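Letters are used for the chains, namely A, B and C, taken in the order the chains are written, and counting of residues starts over at 1 for each.
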Amino acid sequence: MTDPSDIAPPRVEVGALGWLKKNLFSPWYNALLTVVSVAFVVYVVRAVLRWALFSARWEVVTTNLKVFMIGRYPASEAWRVIASLAVVAVLAGLTWAFRKAKDRPIRRWLVLAWIASFPVIGILLRGFGEDNPFMPRVSAEVWSGLLLTLVLAIVGIVASFPIGVLMALGRRSRLPVIKVLCTIYIETIRGVPLISVLFMSQLMLPLFLPPQIRLATVMRALVGITLFSSAYTAENVRGGLAAVPRGQYEAAQAVGLNKALMMILIVLPQALRNVIPAIVGQFTALFKDTTLVVIVGLLEVLGIGKAVTGQKQFIGLHQEVFFFVAVLFFICCYLMSYGSRRLEKKLGVGER
Amino acid sequence: MSEKEVAMERSDTADQIIQCRDVHKWFGNFHVLRGVDLIVCKGEVIVICGPSGSGKSTFIRCINRLEEHQKGTIVVDGIELTNDLRNIHAVQREIGMVFQQFNLFPHLKVIDNVTLAPIWVRRWSKDRAVKIAEELLTRVGIPEQAQKYPGQLSGGQQQRLAIARALAMQPKIMLFDEPTSALDPEMIKEVLDVMVELAKSGMTMIVVTHEMGFAKQVADRIYFFDDGNIVEYNTPEEFFLKPREERTKKFLSQILTH
Amino acid sequence: MKRTGSQTSKVPFWRDIRVLRAVGQFVFLMGVVALILWAISNYRQRGMIFSYSFLDDTASFDLAEGIEFEPTDTYARAFLVGVLNTVRVAVIGIVLATLLGLFTGIARLSGNWLLSKIAIVYIEIIRNTPLLVQLFFLYFAVILKLPRLSSAVVLPGPAYLSNRGIVAPWPRLAEAFRLWWPFLLLALAAAIVLIIVRRRTRARIGRPSIRGVWVLACLIVIPLAGWLIVPGRPLRLDIPELIRKSGGVIKVEGGVSLSSEFMALLLGLVIYTGAYIAEVVRSGLQSVVKGQTEAARAQGFTNGQIMRLIVLPQALRVIIPPLISQYLNLTKNSSLAIAIGFLDLYAVSQTMLNQSGRVVEVFFMIMGSYLAISLTISLIMNIVNKRMQIVER
């Protein structure tokens, strides 16, 4: 008599076959769906591969690679772009190396270094003086390509952050005038498309400035992007502020801190920690939204792509160019959201 | 005996550190405090008890301006609580408060929780603040936890940390809002021990609590709060043995039998 | 600081909290007003004026998309054309994107490994690529690469798909419609009556006494009967025809035509928003605790009933608020139409602006329109949201 425990399970139920059966074929309609899906996937993959490997003319991308990256920035000065990237890379490396350091002085130096990097990179890229042999001026009008995308996105998110925090605090204020004005600002900007805010800053803003002041197109686009992003940052920060328990406010007051100190030392640190994942998501969205400046005439990476297809030898090669741009964005955005998920996990499991 | 007669029976007004007269407060239409009179002298330990919703927490929070009273006067250490910003800040510096939910600052270490206010409000040097903080942490019994974060401490340790944090500002008065109600039973004693030691060292304390053992041990007077006002008050012995009002008797029977 | 015993002392106003609050707000308000006045003075200095009278002027440009429009029509009418185009693409886009998102969200959670992986790949690709890149790709690299009209792809209908868009058969009103539309009204009325009766009996005995099938039957059978009864045909199918004109020029007449710009925009918006809606649906469905389905199955409910009565109501409550914001995003994203030449309200406004030079006035019109559309969508969806709470109470 065989011991029941010696009987092996039916071969179809375990191992690779079992997995196939359970996940792909078990109810009858699943089997049908699987067949249809396989056919679909095979068709799509074959078509894409055939195009990519055989009929696509990738020279349009390879010969124009530099243009995609830095646009009309003079090629002889490209070393300055690389130098800026190097600065960022060094700072990022240092930050990662010292991430465990709890020492105040090191963290303070790092923060100062990051803040200082902005004007340093700005000067590196812009240069000064017409005849300066070392770093001649490269006006912001000429910055284009991926360089412009990064400048717009990074400056946009950094500039919109303090404005967003102030707006969030204003919206939560008990003083009716401030609360109403902030709410109007936030809700109006969130109710209209980015393109209309860009249009406003491109065409309308100059009309409301004194006739002597003339802003570069890039500056105007930056103002529009910053205003737009600040409204969304404000809502994110507002969520973070709401998550800080009322008891924290009371304890801070009970121990004698005035309103300003309470906000800076107790409330904001906790609120902002809550919203870091949302802020990173905001940056990713902003990064993608920089493509819209094409419509107001600036040539960031997508605009360069469109311009490239107008060149005589590359006319009509839209598929290759836009595919390349899409892949570029995909890689960057996927990495950013991956980093955000890692960050969320780290903050959640942390000791605090 | 009315409160005023009791006060006159005791020392002169110079010894009175808290004087509340006819304090009223409304939450919208709800009349939560209905003309409360209370006088506390330096070094006294007052226990306030009563059913939930009676307004006792609201009352002590009016004393350090976490809530705003609409009628009547509150004078703390000679400073009257009005809309004067300077008065409000002065009063808040002189009063320390311990909350039912601890309300510790989770993003700061234990030692930083204690040194934060002295450094930023009293403008002490970091060394002086740390020294005082370490003494306080030893006094409440958690000196070894200084470098940890509040979230890593047990409930009883957290509340003792909260007491240390309040004491760091060297207040003249300590308010306690149901300090042990959120603690597991086995941790209540360690917190009460700290409070008893504090009382015996001469601190003026107002404690809202149901811990009658503590009251019997150190309280100078017990007040029964109901429906927005003081129903009766007495020394602990008299309060428990000979309650005068019906409501007091009913309340005592409810809490002493469980 | 006066240390008093009992008297209420007068609080110096510069330290009084209430005074400080009021003054603070006043100063803030004055600051904002001052900023606005300064901006307006700069505006005037440049010689600009503010007036909406230009709306009655002749547009002098033509609009190839949308309702009837001649270059002799006013700016106001041009703007109306733009608004209607935006509404058209937004409404159709919302409906299609919701369907796509629902399907994809459910596919993502299905037990079929392959299907769910395909859904994940689709969602990740779409969410990590900018919408404008997708639109450019669809417009330039796909639709404009379709064959020309002379060798158009023929779809059943017949419908003709070319690089100028799609022309498809479309029902149009015919002579007998005047006699037929009362039947439509009757069907609608009967359906409403049945729905009310169903709701009442459900409130009374727990489930509706009339099956939902009957409501559907009303809406189908009554008009059908009317069609047979009425002499002649109430609707006729307008079928597109390819006509070869002299000189080898091909024209198509009849049917309804959707421009390639409209198709690219609609397709782009639907695919993009569909991916986000899929995530919303997924999180809504996942928010319903698994124990609910198990308990329901243990009680003997069929799968369909479980979905309808247990899972969907709870999931919908979680789904609807973020769904609203996706609808609003779709509406706002429709403004990208200008990049591919579709004449939505933003694109028309740009043309108006170039012609008339009235920047600020047009800007307020643009903002006002988008705010109005957003508010309308929010209002409708909030009513739906509230109904979800009440009906299930």
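Keep this in mind: contacts are C-beta pairs under 8 Å (C-beta built on N, C-alpha and C of every residue); 3 or more make two chains touch, one makes a residue touch a chain.
Note that the coordinates shown come from a computational prediction; the quantities given were computed from them, not determined experimentally.
Peer 1: Linking chains that touch, what shape results: line, ring, star, complete or other?
Peer 2: complete
Peer 1: Report the most central chain, judged by the distance from each chain's C-alpha mean to the global C-alpha mean.
Peer 2: Closest to the centre of all protein C-alpha atoms: chain A.
Peer 1: I'd like to verify one number: the distance from the centre of chain B to the centre of chain C, where each centre is the average of its C-alpha atoms, in whole angstrom.
Peer 2: 58
Peer 1: How many angstrom lie between the centres of chain A and chain B, each centre taken as the mean Cα position?
Peer 2: 50
Peer 1: Compute the distance, rounded to whole Å, between the mean C-alpha positions of chain A and chain C.
Peer 2: Roughly 27 Å separates the two chain centres.
Peer 1: Mind pulling up the chain B residues that touch chain A in the complex?
Peer 2: For this pair, the touching residues of chain B are 64-66, 89, 92-93, 95-97, 99, 101, 103-107, 116-117, 120-122, 149, 151-152, 165-166, 168-169.
Peer 1: Provide the residue numbers of chain A that touch chain C in the complex, in ascending order.
Peer 2: Where chain A meets chain C, its residues are 22-24, 26-27, 30, 33-34, 37-38, 40-41, 175-178, 181, 188, 191-196, 199-200, 203-204, 207-211, 288-289, 291-292, 294-295, 302, 305-306, 309, 318-319, 322-323, 325-326, 329-330, 333-334, 337.
Peer 1: Along chain B, where are the residues that touch chain C in the complex?
Peer 2: 13, 19, 21, 73, 75, 78-80, 82-88, 90
Peer 1: Spell out the residues on chain C that touch chain B in their complex, using ranges where they run on.
Peer 2: Going through chain C, the ones touching chain B are 1, 3-6, 8-9, 11-12, 15-20.
Peer 1: Give every residue of chain A touching chain B within the complex, in rising order.
Peer 2: Per the stated touch rule, the residues are 245, 247-248, 250-258, 261, 265-266, 269-270, 273, 351-352.
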